[in-house]
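Below, each structure is written out as structure tokens.
Each of the next two complexes has subunit A plus one more chain, namely subunit B in the first and subunit C in the second.
Our next item is the complex of A and B:
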């Protein structure tokens, strides 16, 4: 274990790497370990009777996976899918899900010291999906727990997948 | 408890359930060959294995029970205990208990199973037989490494059994989790799609070598795809084995003597199909024994052998798997069936039926010829359920009957549920949907004249003097479509003998598609049964016209 620690300068002690992406003008991040890959906007097949943020299904090398427009879901911003739009494929223990984001910016190693707790706010909105905040280059990065960001239904799905795998 | 121990337990439980299946088969064989010493040795070894391992991984109760059972087997091996039906019964009951036990422990490794009463029974039998054996100790801990129990002088005088030659358990297979197989099949599916693109663009390269290579790559890709689909296939023998047990128990209960002949048990079938085949088969076997085979006296009277026969066989026929359940019993009596059907109001009083039509009555819901309800059959919940289950598996059941000589059920099943023949239909310019070909009865190209308004919102499809309810798939799915402009295609589908028409914009092509399950969040979308990847690599939804029709006509 100790020999591999000094290999990457980015891997500071206690630092986890995060993928930083943009939703509109704001920056968000997900743990890099959860990211399977980042792709261009694929051919998406719409699915009837689903919420508008549910973009549809796609073929990821033979696997049919769902894509959710995170811009619409979290920011309520209706944006066309364009060239800059990226789709991040997240892997929840074997269950994959794609999220469409405005742009993918960079990978950052954030140490625990750099991550602050999210401020408590008087709001009716459930902000549990933001697990913390970090500052970099005078910008604020919101750390995201995607499984919490999706609604309960999607969350249930991820949860049951997990328990099935454990069984 | 640490992980290593948990893993050990899990491995043990998995192995034990396999061993128990083998044991059950051996017990059943033992009944007909009570003097087969190879078989007895094999059983003894199985029991010894389970006992040792159970103690080693810390299932003391299980080890204790196995110990008692093992001493019983030892008496059988030493010929101190004669094999007869009651003894085999006890063995089978022990086997059942152990199966439940192992299954319970798999869920919760500290669970308790009520095993005392059966243990007492085993002890009683044990005590009833005088033994020259010194009482064996329950080995704790590493009993698994002790090769053989201390042999008695009597056992030692017998030839040392050659375990290698009785190794009926040898199996040239490895266990792979379905997810690995499905992952591989997915990847290969993608390979096929990429290969198709390559083939289509082949003319762009001028080098004949590259063109030839692309062709060869295509061939090998198809081959890989074929063999990968074969990976999901599992042999029928375990399922058939279970039937042997069902047959034995049923015939014992009814006082009948029935012999089961099994053939083609090595035939492979898709795992998913196989998992859903057990119940229908159990039903048909019970049915054959209960309704088909006569009591021994009756059989002798009509000049048959006292022992009845049931044949269970599997074979391939024109791309389908056929499972045949045949008996040499009394067969179906058409006149009797018609009489009962009329009495139950299934059939009109003045109806006349051909014999062949009358036989089909047994597939009617709630139809039973039994006047008495038993726990085996006769409740009238039966063959209709079998038929429904088979249809769910995209299969078909046929009936052949020779009055006085027996009945034969043939189940025709697709080799796999993972692939279906699909018709690709289009809504507007871009959207493609798959309709299972089994749901397509007829297709018509329409220009509008055949579609008529029916009430304020609905429409009907008027064809050849029939007027069918018409659903626009675009409207049903909430997607834009041209078909509302009264141009396009109409697909006629049959659901429960009723016909429904569905309008779409066009039929694109017909192809085999590999079914991909949708996530659970999408499963409840009505009218959609799954998804597939089309030849161009795009994902498409598979529609369930039956569900759409049901949802709207209710």
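Our next item is the complex of A and C:
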């Protein structure tokens, strides 16, 4: 029954699929099409002279990928690497980035009705990386654009990694 | 010194003093009166007698004068002569009588020298008269003439006699004056002396009487006050004795009843002591059986210790079970890992299905289902692991508590053994003590016999006490009556001292003196008694009050 329902939901028009994950107790989501892979926490090689949220680099089937502690980045709370901790590999048009999250929960198809505009918030920070707020089962889910969440320095760092890799 | 005298001595002394004064005054008066009487007697007997004698002699001589006068110039007949002779004889006898009377009275100094001339001149006068009469016996005128001439010379005899007689008379008159004056003065001085002595005696007697009566009255008042207060005290004491003896009698009665109760109690005690002795014997038997029971108990305790050891072994087996549970938990972790990996796989499958677009839709559903199954099995594994943890905790708690309990049980068992050992000793002690109790019971029964004897004596003494208290009650009544008598005597004494009118007032005063704190309260009745004294003579106010006070004190 639930499977037929979810199939129906997934086949709805205008329904986008999202991967729901948790940072601490809050739930966030990224579009499923941006996700390349979900893996366990791999062996991470730390890189000197990098910010604290930059955990290091890893080897994914011959490809070197940077891993960021998204919780530390967004909420300034360090992510403890434990059994449930997973790393989501995101694909940004060619180059990949790993983000460590507290837990990967499920895959959801969210219709446009379920997605609301980002509300106005009292902050000096740039909050463009929050693209919207979805509500499901009385819980709110923040929709993230991770590329916007990473600032220029990060992007440069990642780019350097990529160019080094290319070289 | 005066106070040390007896009342009799005082009175006798006072009266003898008065009598002495009286005797003194009387003696003085007697002697002075005698003196006066003597003087007056002298005046009457001597002076007046002399005076009268002199006057008689003078009268007789005057008759001689008359006779001579008649004879002169006369020629008398024989009858006439005889008459004249009788006349002369009469006069002469009168003169003799007067002289005798005068001479009978003793002479004083200087009287004799005055008397002698008188006597001589008187003799001459008498001679002269006789001669004249002799000469008249003739009728011869010549001789008569001679006689007349001779008669004319009468003055030569008469004048000296007259002068001597006047001197004697004057002397006698002076003597009489002197004696009467001295008698007068003696009388007046005696009067003054007696009067003054009487006055002094009266004053001294009055003062002495006042002093003695005051002192005696004071003393007797004090004595009667003390008597009356003593009577009050005796009355109260008597009533106290009476009440005390009543109490004593009552307590003696109570004592007698208590003694009876005690006697019955002692009988009960004696029977109880017999029971005690039996019980002591029985308890020694019981102690012996108790010893056997203790031996059994020791067996039981060793069995219990064995059981405890087997429980300990069972606990070790249970800890083996705990190990098994830990292994199960490890297996559950493996399941968890598998679930996690399956979930990741399902997410990756979803990603791949999304990449495949329309063609991957079915696959996406499958992937989701797999994810859901993985979630469910993950939840189940979590529940199992929670339950395992809980049961593990519980079992561990169980083991620790049962270990502790077993340890406690072993300790308790060991202590039980110790206690049972002690119990063996104690039971032996109990056995000995029971024997001691039995012997003590025998001694007690001996003591009880002695107590019973003592109780009998006590009973006798109590009866004696009761009779003694009754006697003392009757004695107290007698005492009270005697106190009443004493009070009456005191009242009588008061009446004797103060007279009937003042007794009521005087009777109140000792109370005011003896009890100063009630003086204010007593003042009114005293004044009342003073006011009613005139209306109702006697002690009607004082005595009943005093009696009430006495009873109040006794109460």
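Assume the second predicted complex is superposed on the first by the 145 of 167 C-alpha atoms of A that agree within 3 Å, B and C clash if a C-alpha of one lies under 4 Å from a C-alpha of the other, contacts with A are read in each partner's own complex, and residues count from 1 in each chain.
Following the convention adopted for this analysis, a contact is a pair of C-beta atoms (placed from the backbone, for glycine too) under 8 Å apart; a residue touches a chain by one contact, two chains touch by 3 or more.
The model shown is predicted, which means the values in this text are computed figures rather than measured ones.
Colleague: With the two complexes overlaid on their shared chain, look at subunit A and say whether subunit B and subunit C clash or fit.
Modeller: On the shared subunit A, the partners fit.
Colleague: Which partner does A:45 reach: the first (subunit B), the second (subunit C), both, or neither?
Modeller: In the superposed model, A:45 contacts subunit B only, not subunit C.
Colleague: Which of the two partners, first being subunit B and second being subunit C, lies in contact with A:86: first, second, both, or neither?
Modeller: Second partner only, subunit C.
Colleague: One more residue to check, A:121. First (subunit B), second (subunit C), both or neither?
Modeller: A:121 contacts neither subunit B nor subunit C.
Colleague: Does the superposition put A:107 against subunit B (first), subunit C (second), both, or neither?
Modeller: Second partner only.
Colleague: Does the superposition put A:36 against subunit B (first), subunit C (second), both, or neither?
Modeller: The answer is second: A:36 touches subunit C but not subunit B.
Colleague: With the superposition applied, I'd like the minimum CA-CA separation between subunit B and subunit C in Å.
Modeller: 19 Å.
Colleague: In the superposed arrangement, what residues of subunit A touch both subunit B and subunit C?
Modeller: None.
Colleague: Can you list the subunit C residues touching subunit A in their complex?
Modeller: Listed in rising order, the residues are 336-337, 340-341, 343-344, 347-348, 350-351, 354-355, 361, 364-365, 367-369, 371-372, 375.
Colleague: Looking at the complex, which residues from subunit A come into contact with subunit B?
Modeller: Listed in rising order, the residues of subunit A that touch subunit B are 43, 45-50, 56-59, 61-66, 94-95, 153-154, 156-157, 160.
Colleague: What part of subunit B is in contact with subunit A in the complex they form?
Modeller: 179, 185-190, 431-432, 477-479, 516, 518-522, 525-528, 531, 533, 537-541
Colleague: Report the residues of subunit A in contact with subunit C in the complex, numbered from low to high.
Modeller: Residues 2-3, 6-7, 10-11, 17, 19, 32-33, 35-40, 83-84, 86, 104, 106-107.
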